[in-house]
Every structure is written in C-alpha cells, then in structure tokens.
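Chain IDs A, B, C and D follow the sequence of writing; residue 1 opens each chain.
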C-alpha cells in the first residue's frame, strides 16, 4: 500500500519495533530518581525510573506508560542508550536529539545513529512533543521534579 | 439652512414649542396616582402625577423630568389632552397614538390633531420609545405600578 | 457501495438524486475545495467544529463591510442596523430551538460559557452545602469542570450517572440516584465522544416531577437534531455557534424565563444595567442582564445566518442522509483489522469513535492527515468516558451532511494503511 | 481650514502629503464608502467601535474559507494551521502591548469580560471584608459594575477617586485616599466619556510602593496610544478587539505572570485543564487555564491582523494627525451656539463630548444622523461622569486616524442645523 514519504520517514522500522516491544519497560523498585511525564495533547503518561550511582553514572533506567509509537519508541530507545552513561553525556545526547527533531541541526555527526531514526519528526511539528516527552521527563527526574508536562 | 424632510416632519413647530415650554410641568402634591418612567436608551426619566376622581375622570395631570424634545413634547401634549377625560378615553387615545407612531394606522380620523404632529416618529423606529414614554408611564401609574422602563 | 433508499416520500428515490443534492450542498462550503498534501480534504472533524457555508461567511463579511457598529445604545443608522441585525438573530435562534420568547435567548461566547453562566448565576445562588448535582459519565469537560468548581467552593456533591457498555445512560441507576438532595441534573443531549443521543424528554419529565433543574448540553445536537426546548422540557439548554455551521466566539444559553428572572448576572458592565451610581446599580431584565459589554455582534449575526441556512435545508433529508452515512461507515470500518467501535448506542448521530489494537490514536491521526483525512484523536475533552472504557484515547470520525460515501471510503482506505504499517491483523 | 504642519522630521511637510496619506488609509476601510441618507457616511463613533480595514475583514474570511477548525487538540493539518494562526496572534498581541511573555496574554470576549475575570479570579480570592477598591469617577460601567458586584458579595468597599472640573483625576485626593485597606486601584487609561488620558505610570508607581494591585481599563487607549504594559507598570490591562479595528467577540487581559499563576480560573471546561476525573481536576497553566472552551479563534486571528495593521502604520504620524483633528474640532465646535465641551483635560485622545444649551443629545443624534454624521449620544455607559457634571447625557464625536478635516466640517455644519432648528443662540 502506498504511504507518503513523510509517513515512511516518521514510522521507520526501528520505531515500529520499539513501539511493539519496548525495551526496559518495567518499574525499578527503589530508584534514585523518578518522574512522571504527561503530554496533555494526547493524554499520554510516562513514568520514568533511574538508578544513578554516586559518581553520576546511570546504572539503570526504565519506564512504563501509555503513548503513541513515537513517544514509546523514543522512551524505549532512550533507555537503551542511557545505561552506563554519565549524566553529562545524557544531557549532551538530549541536546543533540532536541536539535534533530526540531530541525535545528541537519546532520549532527556526534549523534547516536539510533536517535537519528527520529529525524522525520522535524517535518511534523505537532509530534515533537511526543518524541521529547521521555527526555523532558528524564530532565525532570534528574532535577528532582515530580511531574512535567509538555504544553 | 436645509433640513431633511424627515427632520422637518419630526421636529414640527408644535413639538419644538412644547419642548421649550412644557405645559403642566410641575409636581402634584397629593396625587391619586403617580409613576416614574425611564428610557434607558437615553437615560431619560419622567415623573408623572395624576388626580383621578372617584368616577374615573382625570382631574389633573402633570409631569417633571429630563428628556429629549420628542419625549418632553409628548408628555406635555399628553397632559393638555388628558385633563377632563375619562380613563377609558385616555386609553383609547393611547391606542390611537401608539398606532400612529408605530405606523400601524395611516390616518386615524378619530385621533386628536395635536397628537398627529408625532406622525414623523414612525419613520424613526428608535424614537418610538421617546414618543411613548409618557404614555407608558401613564399606564403604569393607573395600574399602580411604581416604575416603568421602555426597553 | 451498498446503500438502501427508502426516501420515496421525499421524492428522493434514486442514489443519483441524493448525490446531486449533496453535491449542491457541498458547493456552499468553500473549505471543502481545500487540498491537504495535494489530496482533496476529507473533513471528518465536525464534532470539533463544523464548517461554514458561504452564506455565513458572506453575512459576516457584509456586516463588517457595510454595517459594523456597536449595538443597543446608538441613534445613528449604522448602530440601528447593527442592533436590528443582532436582535433579528435572536429571533431566528429563538425559532431555531422553539423557545417561547426571545427573553429566554442569551448570547454567550460558547457552550462552555453558557454552562458556566448557569453555574455562577443559578447554582451558586440556589444550591447549598450537601446538595447534589447529577452529571453523567459521558459528559464533556464543559459540563463537568464548572460543577467541580462549584463542588469545591460551595460544598455540593457531584454524583455520576453511570453509562452502559454500549454508551447509553443507565436510566435505572439514574432513577435510584434521585433523592431529595439532588437539585440539578446536567447531561448532554448528544455525547461528543460516543455519539449517543440521550433520551432528554424522559429525564426532564422525571426531574420536573421532583422539582430538579435540568441543564442540557446541546453542543453536539444543535447541528444534527431538530431541537425543540419546549418539547425537550429542559430548564437550560446550551450550545455553540461553531458546532452548527456558524462562527467561533458565540454561543447560546436558553433558560426558562422564571429562572432567568431570579438569577443574578455573573458579569457586570455596560448594557446589562438600567442605572449605575456608586450607591446603587439596577440591573436590566433578561436576556440583557446576562450580556454585559459589547456582545459578539458579528458572530451572533453569523450564528443567525447559520440557523437560517440549516432551516432552509430539507431537514428530513439531511438527517436521514447523515444516518445513512453512519450506517455505511459503521459497516465499512468493521473491515479494518483490530478496529473496535467505542459507543454503540441504538440512537447515535453520525459519529464513530474507535480504537485499533496496538495502534495509538495519535499515530492514526498523523497518518490519516497525511492522506488528507481530518479526524480528531485524543480524549475529546471527555476523560471520564476514556476512564470508563479503560482507554487513553480514541480516534473519532464525525460526519456532517456535506460528507459523502466516497469520503468514508477514503477514511477506510487510510485506516488500512495504518493497520498495514503497524502490522495489525 | 487652518492646520499647522510641523512634521518635517517625518517628511510630511505639506498639507497635501498628509491628505494623500489619509486618503490612502481610507481606501483600506470599505465601510467609509457607505452612504447614509444618500450622503457619504461621516463616522465619528469610534469610541463605541472602530471600523475594520479590509486586511482584517479578509483575514477573517480567509480563515473561514481555508483554515477553519478547532485549535489545540487536533493533529490534522487544518487544526494545526488554526492553532498556529491563533498562537501567532497571541505573539502579535504580546508585542503590541510589550508584555514580557505570551503566558501573560489571555484572550477574553472583551474588556468587560477581562475585568470580570480579574474580579472573579483575583479579587474574590484575595480580598476580604473591609478591604477597599479605589475606582475613579470617570470609569466606564465595565470598570464599576464588577467591583460593585464584589462589594455586595464580599463586603469590600468601593471608594471613588474624584475628578476635576476639566475631567482629570484628582491626584491629591487619590493620594489621601490611599490607606492600608486599599487593595486594588481600578482606573481607565483613557476615559470614553471625556477623552482624558490618565497618568497611569504615576498611579502604578504609587500603588507598587504600597503593594496595591492596579487594574487598567485600556479600551479607549488600545487604538490611539502606544501601549507598553511594562512601562505603564500595571498589574492588569484590559481591552477589546473591536476598539482597535478588530472584530467584536474578542478582547484581551494582560496580567503579570506571578499574579496569573496564583489565580483560579472562573470558567471551567475543555482546554483549561490538564486532567479531569470526577475526583480530581488539574488545571492547565496560564494563559490556558483562563481560556475555557473553544476560544474565539477567528476573532482572535482578526484581532492579531488589526494589531499588525496598526503596527504597519507610521504611528508617530497617525497619533499626531489624530491630535490635529482634535485641535481642529475643538476649535470649530466652539463656533456652535450654546455648545459646551465636557472634558477639557490637557491630555486627551481625539474625542469631544459636549452638550448644547436646551437641546437634548438624543435630538442632536437624530438630526446628525439625518446628515449622515454618526455620533454617540447618551451616558456612554459612564453614568457617574454624567452625575459628576449634573447632566443626563452628552453627544460624543470620537475620531480615528481615518477621519478628515472635511468630516469635522460636516459635523459642525450639522450641529448648526440643530441649533438653528432649536433656535439656540
């Protein structure tokens, strides 16, 4: 069946796969950080859990929640990339990702390839919030805020 | 100076005269009936006083108040016509007058000539309320209502 | 396509005749010529806002171009024309819902504003601690949040009328919930999330017997049903211009005169007063006492033009046509793998809310938009409905009389692209 | 005609150049071509409603024709376009009044609605029995009645700031009235009945020092002055679309973010919530928490277009042109027998309120209308001003930058017909 190129760009295989089988989709019982993300546009909610070591390295990260393919895949891929990273690296990753989905940087060499599957988001401004929800929630968790909304 | 025919029709000599020198412009100290009329469109107010005999004949009628030429002249002319009339005659007069200013009857032979000077009002629907304020107040007074507004 | 035609009485006994009529109606709506992503727009978001015929668009432009002026207090020609047009619209709307007097027609800025007016001006004055307000589980937030605010400020209780699995009011439980503390019953005429048409007359009859005030949210009914407030027997009826082919920025509250007379205004300003001094203010009568300030003159006139437009249609024809669209769409979407309709009441307007296994509505919405099919996805400002069915959101296709069977086909085709992509089967 | 020209800096050094510019502006306003009683309309009722340039009329029509759709929650193209246009207007208006953030820009249905919002959402929450609200004697009912309602429901006291014979705020007395009970000062930026421009900065400075909240009614300022809420230093600023060459049905409330954050919404419904269940409702942030329901989308977009139109003018030129009109008109009407100007403040917008000995304003209005001159007569929703001067009403000619010296001449000629007819000398 013919799909538009924008649709194909947005819903890449990797995204569909992570949507169907989200990684690290579980609750961490005693996290060092956690936060709830909320996108009122679609009513989506996402709970994020982190275990961060004393020397600021992410030991474990997980999420549960309901959401569209973009937000779910984004959360799932984020968790796979963060384990073992320092907080600083996590922040850098977010910045690069943010620039990508908002169309600010065309081709950031430093950006992890698994994040680049979200490049199609920049053509659909309404979906930027879906793609960044997990990341905003991450920020909130690290800043010890309980809740964050994207609106 | 050239005036439009509508203006000339509306502001006939008689009306201008009554406006300038309103008749029966006074307070009756112990009226049998009285009411306050109010036209919120122009903020006009009119106090009407009546002395009606036991056999329902209007012995005296007067008014005071602020208002446009049309409402003042209408009140003034009304008072001059009512003295000595029965309540029934007063009501009939109002009906004829009302039909005239709302354009319902073209030429009511029975109508007092002094009322016919208000024929021009029918071309200016916004002024009907001015012309009828005194009469509505009369009705209110006779029905023992304190106050009446035309809106 | 398989549609049956039983319109002999109306003289519409061929498919062609029906299509001709609809094509003619479509010509009145300029936006239907729009392309989205180079494809003809398929507008199935009428539940959110209906489109305006050129008769309405032109009425507003003409008002702006020739008559614009403030109403009610001007003696000059423009102001008189504006006032006449504005009050004519009140008369038109009075007839549109068969109110008994224009004094019962209050112009507001929309359904939401109308219901808030009832809350502030009626409920705050007459309800007291411990009183109950019955609200159905299928209400739009506009008919929930104001009561919630009241429950916080005035300590009244909100009691929920449950709904059945098919999305109908559970009338038995409703009757059981009625006790002497119930002072207001607030329900929508038609649910925007489910399409259900509620049996308002039955509800108001019961309430009237018990002296309970009924507040009916007619936002989704005003374009699709013939609304007769006297037959419905409700105390208040609220709806919006933009839900009945009129402009945004205006709405209406019908209220029974006896109630309006004893209510206090909730907004103060010009035009709603008889006199003002710093010692005493005397309010005007209804409807004016509730219309403080310069009203939405152009929009009210536009809403009047919309009511006139609808009245000029063959209502029997458009209503039955909308039902045919519903039948057709219900039938066709059932072919889509994993699709489940939410809201299967017996009486529905032409609206289908649905979910698809494993695909989030937001993704459906995006892909459908790529195909130029405009639907709404989300909770439709009716989160309690979502909670009732244990889902975060639905996709909603809401039809109007200008939609076509071909557009339903386009919807279904686009949905199949979704299920293909997401590998639903 | 005798007008002086000191516009060398602007390059406008001839009367012809000025007239050419105004003629060009007039071409933007289709209604100025209207005839009334076969004479060209002379529209001098801009204080009631300003006229719309075709740029605004067309923006609204284009929105209706190509984009109309509900905002904020839709994923489809039309809904995104509408949302973008709507939020762009918020950005435009933010700049128009130099607010520091779009979060401080709340769209309402008009000035009246804006002030009522402050009353319901701020004052009801934070004022208590015995507190005082200072209101000037030159306020429009929109800035009186809401406070009056509050005084009744919450037992606060309204204290009146007197005005001088020329129609200026009596600032000495104002200062004397300030005590620890004063919690709110509500004044208009410009008086609609007198034309006075008030020294808002001085007032807000005093109030800020004392922690008093300032509510400024900018209805008459928004088209005629450059409004900068940060320089003005007020807490709230309210105005209407239809007073600044935009459509009816929309208005704006500027509020300082710290205040908006702690205020509760006064209308509940869709779009102003984050989540709704029958147990708990979480409100959205400002400005959304104050914009319940479908907003006046087309009208807000139209108001944005109006702000853009004004911004594109040479503001220095139009403001000084309006002042020339005022000077000219003030001079010319003084030739009319028995005419007395009410409101002779030093700083005025281009507006003249007057009475004529022995002729009621209503009669003046009717006769002027016969001559196609549109003025407003009455109390202008400012009865306390009338009471202050001991008059029932005035006639008001209110100018805009599209008015001409010839139109002032037409006004004066028509007034002389009045005084002739009524034999005033």
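A few notes on this one:
What we mean here is this: a residue touches a chain if its C-beta (ideal position, glycine included) is under 8 Å from a C-beta of that chain, and two chains touch if they have at least 3 such contacts.
Quantities reported herein were computed from a predicted structural model and do not represent experimental measurements.
If you average the CA atoms of chain C and of chain D, the two centres end up 33 Å from each other.
If you average the Cα atoms of chain A and of chain B, the two centres end up 79 Å apart.
Here the spacing of chain B and chain D, counted between their Cα centres, is 38 Å.
Chain B and chain C have CA centres that are 47 Å apart.
Shared interface positions of chain D, i.e. residues touching 2 or more other chains, are given as 37, 73, 75, 275, 362, 366, 377-378, 383. Contact of a single residue of chain B with at least two other chains is seen at positions 41, 43, 126. If you draw each protein chain as a dot and join the dots that touch, the picture is not a line, a loop, a star, or fully joined; it has some other shape. Remark: the chains found to touch one another pair up as A-C, A-D, B-C, B-D, C-D. By the touch rule above, chain D contacts chain A in their complex via residues 72-73, 75, 80, 274-275, 284-285, 288.
On the side of chain A, the complex with chain D involves touching residues 38, 40-41, 43, 125-126, 149, 151.
Every residue of chain C that touches chain D in the complex is listed here, in rising order: 30-31, 34, 36-37, 41, 43, 45, 48-49, 51-52, 56-57, 60-61, 64-70, 73-79, 109-113, 115-116, 119-120, 135, 140-142, 144-146, 148-149, 158, 160, 240, 242, 247-250, 265-273, 275-278, 281, 292-299, 362, 365-366, 368-369, 372-378, 381, 383-384, 387. By the touch criterion stated above, chain A contacts chain C in their complex at residues 1-4, 6-7, 10-11, 16, 19-20, 41-45, 66-70, 72, 124, 126-127, 130. Remark: chain C residues 37, 358-363, 366-367, 370-371, 377-379, 383, 386, 392-393, 416-417, 420-423 touch chain A in the complex.
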